[in-house]
Structures are given as C-alpha cells and as structure tokens.
Amino acid sequence: MAQALRAEPRPELDGVSVSIRDLSLAYGAVEVLGDLNLDVNEGEFLVLLGASGCGKSTLLNCIAGLQPATKGQIFISGQNVTWAEPSERGIGMVFQSYALYPQMTVEGNLSFGLKNARVPRDEIARRIARAASTLQLEPLLKRKPAALSGGQRQRVAIGRALVRDVDVFLFDEPLSNLDAKLRAELRVELKRLHQNLGNTMIYVTHDQIEAMTLADRIAIMRGGKIQQLATPDDIYRRPANLYVAGFIGSPPMNLLPGRLEGNIFHGPLVADVTGYDFTTRPRGGEAVLGIRPEHVRTGEAAAALPIRAQARVEVVEPMGADTLVWTRLGDTPFRVRLDGEDRVRADQMLSIGFDPASLSLFDAATETRI
Amino acid sequence: MPGPLRAGSFPLTGGTLMARSGPPIRLLQNWPAKLAAAPMILTALVVFIGCSLWTVVHSFTNSRLLPRLDFVGLAQYERLWSTPRWQVSIENLAIYGICALVLTLAIGFLLAVLLDQKIRFEDGFRTIILFPYALSFIVTGVVWQWILNPDFGLQHIVRGMGFSGFSFDPLNDPNLVILALLAAGIWQGAGLTTVIMLAGLRGIDEDVWKASRVDGIPAWKTYLFIILPMMKPVFATCVVLISAGIIKLYDLVVALTRGGPGIASEVPAKYVYDYMFGNQNLGQGFAASTMMLAAVLAIIIPFALFRMGRKRHV
Amino acid sequence: ADLEVTHWWTSGGEAAAVQELARIFEEQTEHSWVDGAIAGSGSTARPIMVSRIIGGDPMGATQFNHGLQAQELVEAGLMQDLTEVAEANGWRDTINPVSLLDACTFEGRVYCAPLNIHSPQWMWTSLSAFEKAGVEPATTWEELKAAAPALREAGILPLAQGMQGWQTALLLYGMISGIGGADFYNQVFAERDEEALNSDTLKNIFAEYAIARNLASGGNLSDWNMATNRIIEGTAAAQVMGDWAQGEFALAGKTAGTDYGCHIGLGGEPVIATGGDAIYFPVNSDAAVTEAQRALAQVILSEEAQVAFNAAKGSLPVRGDIDLASVNECTQAGLETLKAGNTIPTIDLVMSSDSRGQIEDLTAEFFGSDLSAEDAHARFVQIVQSEM
Amino acid sequence: MSDAAYPAAAAAPPRSAAPRGRLLDGPAGLVPTRRLSGKRIMIYGGLLIFSAYYLLPLWVMVMTSLKGMPEIRMGNIFAPPVEITFEPWVKAWSSACTGLNCDGLSRGFWNSVAIVIPATILSIAVAAVNGYALVNWRFRGSEVFFTILIFGAFIPYQVMIYPIVIILREIGLMGSVWGLVLVHVVFGMPIITLLFRNYFSSLPPELFKAARVDGAGFWGIFLRVLVPMSLPIFTVAVILQVTGIWNDFLFGVIYTRPESYPMTVQLNNIVNSVQGVREYNVNMAATLLTGLVPLTIYFLSGKLFVRGIAAGAVKG
Amino acid sequence: MAQALRAEPRPELDGVSVSIRDLSLAYGAVEVLGDLNLDVNEGEFLVLLGASGCGKSTLLNCIAGLQPATKGQIFISGQNVTWAEPSERGIGMVFQSYALYPQMTVEGNLSFGLKNARVPRDEIARRIARAASTLQLEPLLKRKPAALSGGQRQRVAIGRALVRDVDVFLFDEPLSNLDAKLRAELRVELKRLHQNLGNTMIYVTHDQIEAMTLADRIAIMRGGKIQQLATPDDIYRRPANLYVAGFIGSPPMNLLPGRLEGNIFHGPLVADVTGYDFTTRPRGGEAVLGIRPEHVRTGEAAAALPIRAQARVEVVEPMGADTLVWTRLGDTPFRVRLDGEDRVRADQMLSIGFDPASLSLFDAATETRI
C-alpha cells in the first residue's frame, strides 16, 4: 500500500490544488465528516460555509494536518499529504482567535516558522519585509500582540501565513472576532490580497456576506456533508435544496408550502410558474415555492408581474438603505424587501408580485430543487 | 527513500512534501509526547499502581519486620476489624473528615464572600488567611499544643480572667480532642479553600449579580440560592483537595496529640504507620492500608465515572 | 572511619550518656562518632532505621531494644556477626545476666552488643510532696493508695502517669510483676499459662490498675519526662517509670533518699526485668566501617564505657564484674537485686513487638477512657493468647 | 427627491434634552454611603474575627519566642514580653541540641535549601511537561494514566514507604539527596500536573495549532510558545512545591541520612528532645525559623499566587 | 430622605418616562459619562448606539441603579429614583449574557424575584402564565437554562423582566450572543412585543441594523456624550456630524475631503451642491462631502444627475441582493452599491452620479453638519 501512496504527482490532479478523497472523521461514535470529496482548483478562493458545528473547522484542520482523518486521503499540489506533518504540507493557516504568540514581537511571530525551518537569516528578513509591506505592518514590527488592535492582530496572523511562501492558505473564520466595520474593511483587503497573490485559499466562515463577497466557489456544509458546491451567484439564485435556500440570503428566502399541479402552484397563493427554469422534469405533488424578499415587487411594479397577491403589513423594519416589511400569506410569514426610500406603514395593505423566473421550487419530500 | 518504519518514527525528516507516504505506525505515533510523558507513565504504573498492588498482595501475608510472601489468607483483615483501635481510628477519621470538610468549605466560602465585598486591605486579609497554609503540620501541631496547653494557654487565660471554674482542655479530654484537631486543621487548610473560592466568585458573570439586584433579591439570598449552585465545579476542586488531605491525615495528629489521650485521636494512617514500623507487623499495616485504599477507591471511582459519564453525554 | 550511630536517646540524661560513650569511643580508637539522634521515641526512629537498613543505605551502628525486634534483620543476614569480638573479649563470662547475651545470639552467633540493663519497674516518689501533704512517704503501692486522699487534699497528683501507650503498659507490667510476683509474671508472659491468665490474681491486678487510673486522673501528662518533672517539682507524689528517670533527677540536681525515693517494683519482692538497649551493627561494604563497628562493640563492653554510660543514664551495667562503688543507693539496690538473681525477662524478650503494641494500645485506651477492668482483662488475655 | 422628505431641523425632536435638563429638587448625585455602614461593620467585623483566629497562633509564637522561660512559666501566653530576649532565637538557630548535635537549625536550613531547589525545579519541569502532553498531545491511554495519577494523590504515603524503599534500593538512590528529590517529584506530580493540565487546556488550542503549522516540534512548542506565557501557573507551582517540600518531614527523615536531614526533621528533634523542662520559647523560635522561608514566599507572592490559582484550579 | 424619594409626580415630567439630568460618572479620574441629559418619552423605544466602550452599558446601569452616579439625577415615571434600589425603580432588565439563574427551572427564574417581593402565589402564577404565553415559553417552563438554546434563554431573560410588570425595560445588547439568523428573528419578536405592550424600552446595542429597525429614536453615543438623538430616518439621512455619518450605514458613507466655495465643492471631484438643504448658512472653507453608496447611481441613471464622475472599479463584492463596488475618486476610496442583478467587473470604468439632495456636507474643522 505504501508503494501506491508514494506515487509521483498525478496527471488527474493537474490544475487541482487541494484534493480531498473520501475523507471521513469520527470522534468516537460521532461521525463529524462523512466520505467527503472536494477538489479545489489552483488559485481558487473556496469558502466553506455552514452553521456552527457542521464540521467546517474540522475539515480545515484535516487539510492542515492538525487532525488525523479516520479514513480517506488528502492531496495538496499533487502530493499525497495524508500523513504529513502540518508544517510539511505547504500550507499557511489563519485562525479566528489570531493565535499570535503573545510573548513574541510581531517580527518574532512572523519569523518563528521560518526559524524553525532553518531558513537563512537574510531570506527571513526579505520575506518579512515583503509581508510587512503587503499588509502595512512596518510600523508594528517591534510591538507585541497585546499592544495591537484586533484588526492589526489579524493582519499579523495573515502575515504569518504569508511569509511561509506556500501555495495554499487556510482561513478559519479570520474575521469573526472583529467588529462589523473592521470586518468589512479586512474583507476587502483579503479580496485584494487574493487578487494580487493568486494563491489557493480555503476560507471557513458562517457569515454569508463574507462567503458571497469573497468566494470564487462556495461549499455549503451541513452535518459534515457538502450540500452544494457552486459559485456564489449560482448558490444565491439556484439553491440546490431547501437547506441552502433557507441558509443563504439575509433576510432569508420566503418559503411557501403547497402543491404543484402541472405548471400551477397551489399554496398560500396560487401561482402560474410557467417561465420557471425547471432543473428536472416537473412532477406534480407537494412542493415548496421559494422567493427572495428582494425579488418581490410592490405597488405598480407588481401589477405587471404574472404572480400577484395582496398582503397586510405587520412589521416594518427600516434598515437605512432598504426596508424590510413583514407580511403574511395565509399562515406563512412573508418578507418583502423594499428600497429605503419607500414609505410603508404597519397595517396597510400591500400589493405584491413576482416573476416566475426569479423563484425556486423544491420537492417537499426530497427537499431538492425541481 | 526511507523505509516506512523510519519514516514513521522520524516525521520531520525527508523533503518538504514527501516526508511520509505510508500510514504511521501506531505505537510510534506521537512518540515525543510518549517519551516526555514517560515519567508520568512510570509514576502511575510503577509507583501508584505497582506499589499499591505490592501492598495489597503483602496484606495477605504474615510479614512482620520484613516483607515475606507467606500467605495467611484473610487473617490480617479479621484481626484488623476486631481491633478496637482500628475501629476508633475509622470513627475518628469519619467524624473529623465530615466536620473538616463541611467546616472548611463553609468557612472558605464565607470568607471568600466577605473578601468579595470590595473591601479595603483585601490583600492583607487574604494573606492573613492564607499564611498558615505555608506552615508544616509539625509547626501547626506545636503551636496549637501550646495554645491549648491547660497550664499556659487558653484555659489558663480564661481562668485568669476570673472564671476559675472554666475548663477547656481538649488535648487531654478524649471527648474534645477532635475539636483540637479540627481547630488546627482548619486553621491551616481553610486559607487555600478561601482563595480558590474567591477566584471562583470572581469568575461569575457580573450580569447575574445585576439581574438579582434588579429582581430585588437580598445579597445573602443571591449568594445562597444563585451563586452557590453556580460554584459547583469550584466546590468539586476544593472537595478533592480537602479530602485528599483528610484521608492522609497523619502529621497533624502526631504533632498535636500523638493519637492521645489514650487512643482517642487515633487515625487510620497512624495505625498503618505504627503497625508497619512500631509494632513490626507489616502484614497488619498493609491490611490497614489496603482498607484505606479501598475506601479511597470507593469514593473516587463513582465520582470519576459520574464525571466521565457527564462529559460523554454533553 | 566515621561511624554513624543512630539512636533515640535525646532526653537530658540519655543525651549525656551518649555523650560519654562517644567520648570514650573517640578517645580509645582512631574512629569518629557521627551522631544520628532521632527525637521522639523508638516508634519514630525504628522505621527510619529499618528502612535504611533494608534500603541498602545502612548506618554504622544503631540502637535497638534487644530481643525480638531485630531478629528478622539478623535472619535476613543484614547484621554484622560479632562472634569473634565476643569470644575475644570473653563476653559470655562477663555479661550478667547472661540472658542478655543470649538475646543477642542467633543460631549460635552473636549479633549485638548489649549496652545497659533497663529495669522498668521502679516507683519514684517525691519526698517533698508527701511532706507537704503531711503523710509518710509511700514505699509501696498499698501505701500510695492509702496516702492518695491526703495528697489530693493538698493539691498533689498522687500518680504522675504519661498517657502514651508504652508508659501505661509499663505500669501494667510493673503491677503484674510487683503484685503478682516474678513467677506469676513468667506464667503470664513467658508461658502464657491459661490458668494464670484467668486467675483472680490477674483480675485483681486489673482492678488495681483501674485504681491507678483514678490516682493519675487530672495529670494531663504525655511525655514521661514531663511526669518525672512533676515529681522533681513536688507537684506529684509518685511515678512508675524505668531507671532512666534517674538521669532526670540527676540533671535536676536531686539526690536519692533526701529528695526522692526509689522502690523496685511496687512493694512486693523486688524483681528486676533485665532488658535493655543493645547496639546492632548493620552489614556494610566498607571495610573501614566494619573495622570501626568492631571497635565500637569492644568499647561498649569496656569497663570504662559501662561505668560512664550507665552512671549518666541511671541504668545498670551489663557486666557483673564491675564495682560500682560510686553509684547512689537506687542503683545500688538495683545491682543487689541483680546480683541476687531476682530477675525476670523484659517484655521485649518474651513478646513480639506486635503483641506488645497491642497491649500498649489497650492500656492507652484504658487510661484514656472508662473501659472497665473486666473488659480490659478479657482483651488482655486475648492478646497474650494470640501471641504465636 | 424633495426637501419635504426631510423634516427641517427645527421640527426634529431636540437634538439633546439639555434645554429641559436642569436639576430638579430631590436626591442628586452620589448615593450617601451612610446607608451601607451597618453591613460594612458586619463584613469588617467578621473579617477581623477570622483574622484574630488566624493571627493569634502567630502572635503567640512570636511573643513566646521573645520571652525568657521564667516569664513563660508565670504567665499569659498572649501577653507581650516584659523583657524582650533574642536568646531563644539564637539558641534555636545555632545551639539547640539533638542528641550530640548542638548546632540548632542552622545545618538543617542549608540541607533544606539543598533539597528544595533541585526537587522544586525537577518536579515542576516534569509536571509541566506532563500537563502539556496531556492537553496537546493526547495519546492512547494518556487520560488513563492521568486518572491513575490523580488517584495517587489520595493514597496515604505510608502505603508507599516500603515499596519505595525497595525501588530506591534497586536504583541505588537510597539515602542520597537525589533519592529524596525523586520521591518529591513523584508525590508532587499529581497535583502539579493537574494544575498545569488545567492551565494549558485553558489556553486557546489555536496557539498550539499555529505553532505546529509553523513547524515547531514537541519541545519547540512547549519551550518557546507555551512556557513563556505560563508565568502565573509556574508561580503557583513553585510556591506549592517549595512550601510542600520545605515542610515535608516524613520523606526527609526516611530517605536521607542524618547529615542531610532537612530543617523540619531538626525542628521535630528539637521540639521533641525534652531536656528537663520544655523550652517553649526555643521551640517557638525554632518553629518560626522553620516557617520563615515558606511564610516569606507567601507574603511576597500575594496576588500572583491567587491569580495563578484562579488560572489553574478553578476549572474542574 | 425616604420622603424625598416618594415625591409627587412632577408636571414638567408629563409624558416623560425616564429623565436623566446632568448625569456624570467617573471611575476614579476617568470620566465615563459627562453631564448627560436625556428624556425618554412614555412608550418610546429608545436605542443607545455607539462603539464599544463609549459608555452605553454604564448609562443603562445608572438608570437601573446598578451603578451609582457621581452627579446628577434620574427620574423614572416622574419619581426621583437617583438613590433608589434597582428593584424599587420600576424597571426590568435583560442582559447580553442572559444572566439566568442556572440551577432554577425557567419557572423558577421567572418567579424568584416575585417570590422575594412577596407577591401572592396566584398572582405569580398569573403573571408567569401571561409572560410564558407572550413569549411562547410554555413548553419550556420545567426545563433548566442549560437545556435551552441561546434564543430560548434570551426569551426567558426577557420573560423575567416581563413578569415584573414594570413601565420601563432596559436591554443591554440582548441579541449579541445569538447567531445572525436568530438575531434577526428575535429582533422582530422584540419589535412585536413593544408594539403590543407599549412600555418604554431603552435598548443598548452596537449593531446599527438593530438600532435602525427597532428604534423610535436613536441616541448615538461617543465618549460618554450623546452625539445625536433623533429618529432612525433622520440619523441616516441627516447625520449631525462626521462621526455619526461614518458610524451609521453599512457600508459606510463615502466621505470626500475638499473645500466649499459658494455652492461649489472642490475635492476629488467638483460638485455643484445647489439643491442641498443647508442646516446653517453655508460658509466657505474646508469641508467634507458625504454620500451614501446606495445613493450613487451608475450608467444611464447617473447621466441625468447634476453631479457626475468616472471611476475605475477596483473590487467587486457581490452580496446576493446587491453588489458593492469599490472604486476610487482621486485618492479616496469610493464605494457604490448596486443592485444584485447588475453585472460589473473589476477594472472596468464606471460612470457614477448623485443628487445634491441626497448628500451631506460637514465642516472639516468642527466636524458638524452644515
């Protein structure tokens, strides 16, 4: 077996930076990852997105070699690294809690790994200088982490990954500990960094805005399994199943239960879905109709659309740039997102309408898209 | 290319990416950790398990001055349990143990609460309460012997104040001698408990206090009904520390009372010691220590199982 | 060579005696004495000695009460064979009573050097105390009992009794040999005769023992020398203690006959128990140390050492051929008794440490509680009978 | 978008309530503190009573040690000395006798120092590595060994004395200071390992992971990342071990020779070698002298100890 | 003294539920609140919004009586409660960490305060029943907090305030410990609760979405001082100063430094601001022009607007419903928010434009709105 595993770089892995084959991991009897397969292309920014506890960090730790897998194989840059030490895998990693070495200066933090690898001193200096300039850390090099702000700490943590000169970066919720404003800024910095470096990046988050804005592709995980792996746009517009549909989007997609008969959906409202882009041959039966709050039009704009209804406004949430209106269709709460300029009051009646092209339909039993 | 075994045992060798290409060997996985933990493993196996087993085995022999594998069955145990001194020792340990545990916890908690009231000189008070912990039992014994000395100490003073009928001589009164042990034991040990409890109190979410103030709950009730139950883990730590000390109670007795008057303050550890060395009946001493060991296991195993079980279920 | 000697002779008289021995040893040989005193008592010191011997880190010489205590160490071959020294110096001829040497002998070989004779059964009285109470100084147990009410009246403790097990047991042994007599003592301890054990004599002795408990109540004493100190001060009337108490009297500058009285036994026929201390020499690998060990063994039984040591400690020499003209009347009385052959074996020679320990526990319990004389007797019989 | 959509500034609610905000009559400012005084009296009263209980023995020790024997016999152990004498201290330090050795505690002091230093360093080093391995490098059975270790904390020492004599004999350390050091390492291990384990498990595991990604090995992570940030717990461990080892009597007396007896053994010897009258003043002075090292450490370390305990002990 | 506390309601406090007069608080030498004045109307939902450490919690604690003020007065429902105990002030409070009593059941948590106040047993039962039904806690009453999810715990904490039957509720970041989805749900529940109960609520948060959606009025705090107290709409559209402008809005307002000369703004772009609703008489001088990313139009829509420019797209962040585009005007980064349907690529040129009516102008020196 050892022979087989020690094979030369494989042609089938060309262009694939990280490849995960049939990876399983269990803590005792609890299976956390189950037969997971994933290929990350070279230079790709892949985001692992999912609710807390779905196994994102565990998967990332497996890739990094910090958590031995129960079963399966991991290839990085064409090498089988399933049993390699973390430092030998050609990865850099950034953690949510920064994990800076508190008693070392910023410079010490950046150079620790290189010193361990016995990189020559001038090479270390060169790499630190480069990382520091990329991340604007120059004025901080002599400080200790305690004397840095959250954003600065995270930049140092990224720098620590950067100096390792590796092909693959792993991020585990790097921005979660920062406040909203800083998070938005660092997000853009990260995006720029990726554009400049072109490395493969695997990024764990449970913040969908981060996922949507950063990712080339998003893998949505649930219970240790990947639910959908696609571009942000695809995931947003064509969620593969009910879980993804409900998970992505804030406010989330409105989901109306009902029956599909031919092209007619009977539920809290009756809708002719002609024009919907079916994935499979449509079958009649229990179905769920999903429509994003921002795809619902109101007032005059609604009148022109094929699917229409009237609803009473229950709660109005002004959010500045836009306003979220809570109504109800039948018993199902129904959210509508309006422009911030629109004025609606609680208790008023609202005409709403939407286009079949912008909705999603799911099989109620299998929960998958139809 | 190194063979799989060497590659497994030296994970840091080889090229950056070609270090290890076969599955590692089980026993050699994590080897530096295992090597570093060797002292612990040896201690656990050789000293704690090995010595305990050695003792248990020899408790079935009639070893006298030197250990001998001359088995006599349960004879030592039969004799042990028919010895009044052993019974007294067990009784004393039970009484002392329960009182010391309860009082130390109660005093520790009370003092921690008092210290937690944003008082001035907190450091000073805390140091005063903690300092006896720095002293050895020999010292503690000598001091309390002196304070409780009927001719010079407390009794003498109180009598000197005009209460000539006053009599308090716990060191020579078989019924009160436990009190002397408790006074000295708690004097020495409650400080650490206080410090741990204080740390526990400080670790409690401020908001709980605020909530109870908004609810109009008096401070003492908050402590009793809300804070106290929240301190369960801290109490557990204290109970472990205190009871480990109680079971081993020996030095204090020797220094303070020598088990007297008569055999009124004998404890099991002293029985073990005296029989093993004073009376040169190792077998009997081993039987007594095996009983102590059994008692410890009887207390700890359910506790450990309970904790493990809880961890698994969460 | 340096010879480390461990012992538990730390009280005033004892330390003075050791001092003498060490001085003579260093004067007479080219070796030096390294003192390894361990305070407390035998039960503190013995485990330390035993564990060092079996731990392979033996001291040069060590005190043991001779008898059964060290027998197993001898059996295990951990003790130096002194037969040559003994034969060269004619120990068998000089040591009196010769039973002391027998106690050192195992399978025909000699393994220890007896140092002194302890006679535990003495009653020491404070003459000033009796004077204060206005009664004749007691010379027997019966007289002490009679004087007790008057003594109490005068605020004097009739019997100064340390509450530690070995002291309470010592009183019991004293009563058995003193009241029951030498033969009875032997029947009880040496022969473990069923009849004697269940005799009225023994029951009666236990009743007397209970009376002693009353006479001692209120004393609140633990260490034996604290009790002796009460006699010296005159705040207690009598103490039953071994001859080593004399060392304390001497140290306090008291003289026998004028300040204190000494009475062998408790008033009956005077008999003396011949036990005592012996020095053992653990086997070691250093030839120089072995040399020093033999030298010390020789010194111990030298006339000079016997005189100096025993005078300081207040005990009796183990050699019958010594003329102790200078000793006081108490020691004289002891010597006479010894000469007359009125001896009984000490408890260490007839009972194992184990049984002795149990008896000590029993008597300590008895003194520290209100255990009845009958129950105490019953348990005593049981302990003695279970002796192998 | 017309201006009408934006209410004029004047129509908006006042930007701050300042115009209406002058003080009205009635209570204002700080709550008067007098209301709390009853409670405060109880708190301080309680603390003072306990302090008295704790300080009294110390007071008695100090006072007694400064009196001459005649004054002690006359009287009140709580009373301060009429005539201060340092004689007992001098005697306890340099001339109190045990058997033939009349050099007081001075020799034992240096013996204790010679035992405490290696034993403390070694036992903490071993326990810290144990704690580290237990938290960060779990291997099969590591928890089992740890559990056994904790059981060990409960086993009465007497049970171990004999077998350890045999073990020490077999490895040839019986009677040497290193044998005693080994014994202290073994018996200090359970509690100190527990402390370190708790402390290390309260550190973020990411730190450890980051160091592994950085290629640091078992010792590299321990020495260069974890140890430098573990000052509080090392303080606690040092204090516990120094005082524990300093105060030890049983092991000191059994596993060493007289010439290297620690101070406590000599204290016991002095206190128990009664020569005529008990010299209480010398005993107390000796007691204080013996306690001086651990007491100083406690008085000096103060907050550090408490902080370390909080870090290492509170989490069960 | 007790007399003074029990004074008659004051006419000048009519309609005012909580009134804070000249409140100051200092920890030692550090002044945390400085001469603060605030009137909260009856039935009003007031949100205290500000960055971490600005004194929001401190102010709330002062109102609750948990933190004695150094100076000033507090009135609740017309009573001077400056020296009153927290439980006597007629307030209920909810904390970020829930602060439930862990060893009591939900029912015990709800009733503990009432039992202490010796409320009759049937009254307690009644109030618990009411609170439980309002918050849907009925199935949880017998459980302990450890067996509840975060959202359920926070509902119990709210219930504990509810049963106290008080006029004023104080919330200290009650939703911060919850995940985004739950936060959005509980936010709506809180809003409904307020609509139904009509109590006065004072709510501390640093999440501006919460503030915008919940508040009747928002008080923006900074360094212990209130920067602006106004309706969400006002704060969003007419921020009183640069701090508020930068703080509110996500992504934040674009702020362009320049000079105002007459009606012409010279900066990274030149803009004729005729049509801007000046607060004060416009003076020339250094000024900052602010425009929200969502008020910037692009492409054809931009062409019709009075202020126009061209900018190169640097980064595109798709966020599902909308897309954030980062460009640069001069040296100043400039964000534009587009609809999610719009397609832009990095590096393309974008025509942008906006209306003077939708911008804000600030004096660069005083930082206040002009």
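Order as written gives the chain letters A, B, C, D and E; numbering starts at 1 within each chain.
We take it that a residue touches a chain if its C-beta (ideal position, glycine included) is under 8 Å from a C-beta of that chain, and two chains touch if they have at least 3 such contacts.
Here is each chain with its UniProt name: A, E = ABC transporter ATP-binding protein; B, D = Sugar ABC transporter permease.
Since the model is a prediction, treat every value here as computed from it, not as a measurement.
The minimum number of touch steps separating chain A from chain C is 2.
Across the structure, the highest number of inter-chain C-beta contacts is found for B-D.
The most distant chain from chain E is C, comparing centres defined as mean Cα coordinates. When every chain is reduced to the mean of its CA atoms, the largest separation from chain A belongs to C. Our note on geometry: chain B versus chain D, Cα centroid distance of 15 Å, whole angstroms. Rounded to a whole number, the gap between the C-alpha centres of chain A and chain B is 52 angstrom.
Chain centres here are Cα averages; for chain B and chain C they lie 39 Å apart. Between chain A and chain D the centroid-to-centroid distance comes to 50 Å (mean Cα coordinates, whole Å).
Chain contacts: chain B has residues 12, 273, 276 touching two or more partner chains. Along chain C, residues 47, 54 each make contact with two or more other chains.
Those residues of chain A in touch with two or more other chains are numbered 85, 88. Across the complex, chain D is touched by residues 4, 6-7, 9-12, 15, 18-19, 22, 33-40, 44, 47-48, 51-52, 54-57, 59, 223, 225-226, 229, 248, 251-252 of chain C.
Residues 61, 64-66, 85-88, 91-93, 95-103, 112-113, 116-117, 157, 160, 164, 172, 341 of chain A touch chain D in their complex. Contacts from chain B toward chain C in the complex involve residues 64-66, 79, 83-85, 88, 150, 169, 171-172, 174, 258-264, 273-281, 284. Residue ranges of chain B in contact with chain D, taken from their complex: 12, 29-30, 32-34, 36-37, 39-41, 43-52, 54-55, 67, 107, 110-111, 114-115, 117, 119, 123, 125-139, 142-144, 146-147, 149, 152-153, 156-157, 160, 187, 191-192, 195-196, 198-200, 202-203, 233-234, 236-237, 240-241, 243-244, 247-248, 250-251, 268-269, 272-273, 276, 282, 285-286, 289, 292-293, 296-297, 300, 304. Residues of chain C touching chain B in their complex: 42-43, 46-47, 50, 54, 69-73, 76, 163-165, 220, 222, 352-354, 356-358, 361-362, 364-369, 379, 386.
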